[in-house]
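Each structure below appears as structure tokens.
Same chain, two partners: chain A is paired with chain B first, then with chain C.
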Partner chain A sequence: MTNAPSGDDKVPQAGQTVVPAGGPLPEGLPPDANRRLAELEDRPGHKGMFTSDLSVNEFLLIKEVGFHPLGFVMGSSIYHIGIQTRRWSQSQELSKLTGAMYEARQLAMDRMDAEATELGADGVVGVRLDVNYYEWGSDTAEFIAVGTAVKSEDGRSYRNRQGKPFTSDLSGQDFWVLMQTGHVPLGLVMGTCVYHIAHRGVGQTLRSAGRNVELPNFTQALYEARELAMTRMQDEANELGASGIVGVRLEEKTHMWGDHTIEFLSLGTAVVKSDGDHTIPQPQTIISLDG
Partner chain B sequence: MASQAAPGEDLPEAAGRRLSTGAWSSGLSVADFSSSLEMGMDPVGYVQGYAVMQWSWYMATGGFGAGFGGGAGFGGGWAAGPQRHGQYVEQWQCPHGFVSAEHRMYGANYELTWLEQSWATGWSLATTRMVEEATSLGATGIVGVVDSMRPLTGGAVVEFRSSGTAVAVRDAPRLTTPFSTYLSGQRLAKLIEAGFAPISVVATLSSVRMLGYCITHYQLAGSTAGTWYGSGAGGVSGVGPVDQVNRAQAAVRRLARERIRAQLGSDVLHGAHMEQSEREIGEGDLSIQCTLKGNRVRPFKDFDPLPEPLPVVRLA
Partner chain C sequence: MRLRDEVRDAVRAAGPAGGAAAPAASSARDGGRTGVGGTTSDLTIDETLLLHSAGWEPVDLVYGVSWWSIPWGVWQWSTGEVQEATAAFAGAVDQAAKLLRQECEKAGGSGVLGVEIGIRVSSHHVAIELSGTAVRRTQGTRPTFEFISDLSARDFVLLTRAGWWPLGLAAGASFVVAPRRTARQWAAQQGQNTELPNLTEALYLARERAMERMQRSGAAMKAEGIVAVKLREGRASSGVRVMQFVAIGTGVHLRTGEHRSIAPTMVVALDELVRQFDVKSLRSASTQ
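On to the complex of A and B.
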């Protein structure tokens, strides 16, 4: 697995139908979600309301930049993560686990997208991706994606080339600043790689006993795993037609696999320059009077 | 991945594949990204470097004199070893004569050069690899460098990490070696505004082992019953500075400063960050380490007075 799973692989069975605003409810959303989303929408005889996890400052800045919140959206997937045999003395990617971790997050993201689409959103800001483990499910994890769906007030569509609302883990403040630079978000992009780091043999251990030296095999394995995760993230951004990715972060977790098997997850917001020339406002020097 | 590899040959194959793909990536926050664009710096890629090192402490936890000139025992000619190599060492001798078998008759502070050298090797390997990635992207420099060291698979193996965002400065000539700095965004903008150009990140670790002698032991244990030892003979008075610890702490900081100064040449250090940690390795014995990091910068223009700043009170 050198590239992100293909579009066919990663689209979930549930929540995969992208429907225009005002169209039929997407298949796969739970009935409770449909009822909750319906409550948020304006329709004859019913005044809608929005929900959001934005702070007051974020709410103000989102409005200032020409968007308004539509509703708090979420998606989740409870996923059984199987096992994959690994060789004790060989560093290698565990591609089945990589695929599972990727697909589980993608399912959650797609369901969140489906909720945003149902609301007629142009995008989702402040997206958070979490993984929770429960005592009742051995090798089972819940992947959750949450965020606030927003819509442009000028009528312009900010959906990406796949026709989906953009997603972004940017805060309201960061979203405002990004728009000032003349860039628009296209989507939250990610790449993952589950990698088994080889154990050291007795001979290797004895040969380097008492010495402080580099362990090139370990370095190479960890380096390779991170680069693979980042390459996949960049591949996703390229698919969206992005010019770049901002706020890249690289997370590492062993989950339930023990010390030598690590998931490297790379995340960021793919962006593209908006149409037309744009001048970045000259920042003003300030002195904060806070203590 | 040999440490002697030529620049660019030291990176894994996956790095080359990633760096050749279309979209750039950046570890900068959006505010720092915006600030970089405003300064004329375009991000060209997130760059990283790593080195996994075996980190052996066994000599450090040995008995007296371990690591000195081949591990000669205390009082058996060990002093000649470290002094011959120019490393820091100080000795203390008990003023009381034989009291008991547990009584510490000798004490020593000494520098753990093998740890310092290993740290320097690991840090510079990771940093050099990060710079190699930036070089292969044709970057002018790396901003927002983050580096760290963490244990891996137990305490005997550690990983050094360096990462940052490679940038291309518009209309700037390509440098043979890209600059690097821990700064980004408004802090970097203010540095340049003040007339200083970033050159490179610099860092060092100094490490001193303190093996306490009897007086230090009594002082660290809070003993006030030292009067019978006789203050005239260097005994304990109950209250006062713990000389051996003070000297070890001063030495570890001095060593770090001297080493950084040696890396700076005629340049200056900006944003120095010193972190000192102590670990008890036995009753009354300490291992003291100090890391000092900062940005090597060079003045390139006179300071132009800034426009009058706007005072701001935040409401949040």
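On to the complex of A and C.
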């Protein structure tokens, strides 16, 4: 893997995220995946079909903007997350863990991309990234990415500048609205940062006891961790030539590391304005009558 | 099926002696069948109204339940996929859907909407419970059976307006025993950040197989697509290392031959809840 962090100072950079599909699983997609995807495609003598986890609303809205769903695609990776020593009184990024959390998600997303590419998709909408923990695996987590591969019906290619199908975590409704405003999605971008927040010393605790004061070390640490995650996400968007990122979410999770170690994950869809003039329709205002 | 009829007969027989409520209830339950009286459905008023606007009406609540046994010991001694459980699941789904269809036809419906799917897998059996509302056209000839779907009445109206029709439930499952790492692998991976290829592959394949079986069941009903697929996954109750993956959706096809635009308009709802700053929340936080 080109983006495997090799040292403490190496954190994933946007440029390193372009990984050829497949990862360490041999010969790309597993044979069962290829067989399933082949069944979805139209061939002489075989009628294909589409599958999609989109709701009926979303399905119809995707059709409305000129896309047809091709298939439900997914990728997953079960990852052993190692340990990294952290100093009790020091706020610091845990770059090994950051790298692991990033790489595991990237592996899952690359496999999802590979499935979509196999189907000849222009993009993947409604992408969900999940992390599962199982009882039988200590220190292991399953990272999974699922979405619906779509293809444009007018034959125009919507692939991004890396030649890959765009990915987007927008719902069908959001996707429709986005297209109405004349933007096209380029890719799901993410940045992550696992950060250890220093414990307070005895002196600090005593000094602030019973007083209203800001706790600068906590503030600083959380601030920095969030900024790092968001900056990495923005770097990825720049790499794609995006003009903006929409639907950004910032998630904070401690996973299995205890109180003072937190993963900050920021996720969003990089978008760019498509060619041609677009007038945004004036929305109609309604008051619904249900309570 | 027979059981339910027996219960109904028993309730009816007990009617005169059992007080006023029982006969009233049973005659109401019977209404959909004989054409007198009301109907029973778990649809909301909105959904009923919407159905009527599309020329459909609810008839009765219908059920289909099927339990299949799993041979003893398969969970403990299997490695990889547990074929017996997969086969039991497929059999139970087919049987439950068949019973649901029979009940629907008996009630005079031509389709079942809003089907809720209950799946229970234990060490010795798989149980599938389907329940939904049988619906029929308000006008027209004798009903012929058309579909079973877990879509809501709202989704059904929207879908048919665009020219698509539901055909039936497409389902697929796979049960897999998560492989163990060898002692050497385990030792080599301690403290490392690394992917676990054998586990990844096992779960990946299990998921793909569940989806593939769903696709095949869709293809068997000549569906052109499967919408609203739900992937349910997690630990099976039959063992710590057993994972179950179930994919279920509604098979659809284009009846009119061409997709019709639903022409959505952009609206801004003015009655969205506004989050307001609540002073009380401050006080309670500070007193804790």
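The working rule: the second predicted complex is superposed on the first by the 262 of 291 C-alpha atoms of A that agree within 3 Å, B and C clash if a C-alpha of one lies under 4 Å from a C-alpha of the other, contacts with A are read in each partner's own complex, and residues count from 1 in each chain.
Methods note: contacts are C-beta pairs under 8 Å (C-beta built on N, C-alpha and C of every residue); 3 or more make two chains touch, one makes a residue touch a chain.
Because the structure is predicted, anything quoted here is derived from the model rather than measured.
When the two complexes are overlaid on their common chain A, residue A:39 makes contact with chain C while staying clear of chain B. When the shared chain is aligned, chain B and chain C each come close enough to touch A:287. Of the two partner chains, chain C is the only one that A:134 touches; chain B does not reach it.
Legend: residue contacts after superposition of the two complexes on their common chain; A:177 is shown touching both chain B and chain C. In the superposition on chain A, A:97 makes contact with chain C only, not with chain B.
Of the two partner chains placed by the overlay, only chain C lies in contact with A:78; chain B stays clear of it. Legend: residue contacts after superposition of the two complexes on their common chain; A:267 is shown touching neither chain B nor chain C.
By the document's definition of touching, both partners, chain B and chain C, reach A:57.
In the overlay built on the shared chain, the residue A:107 is in contact with chain C alone; chain B does not reach it.
In the superposition on chain A, the residues of chain A contacted by chain B and by chain C overlap at 57, 177, 180, 283-288, 290.
Here chain C touches chain A in the complex through residues 46, 151, 155, 158-159, 162, 178, 189, 191-197, 199-201, 203-205, 207-209, 211-212, 214-216, 218-219, 223-231, 233, 235, 240-241, 243, 247, 249, 259, 261-271, going by the rule given at the top.
Those residues of chain A whose C-beta lies close enough to touch chain C in the complex are 5, 23-25, 30, 32-33, 35-36, 39-40, 47, 49-57, 59-61, 63-64, 69, 72, 74-83, 96-97, 99-100, 103-104, 107, 111, 132, 134-137, 140, 142, 146, 176-177, 180, 281, 283-288, 290. Only residues 1-3, 11-15, 17-18, 21-31, 33-35, 37-38, 43, 46, 48, 50-56, 58-59, 114-115, 117-118, 121-122, 125, 129, 152-154, 157, 159, 163, 186, 189, 306-307, 309-314, 316 of chain B touch chain A when the two sit together in their complex. Those residues of chain A whose C-beta lies close enough to touch chain B in the complex are 2, 57, 170, 173-175, 177-178, 180-181, 197, 208-216, 218-220, 222-224, 226-228, 230-231, 233-235, 237-238, 242-250, 259-260, 268, 270, 280, 282-290.
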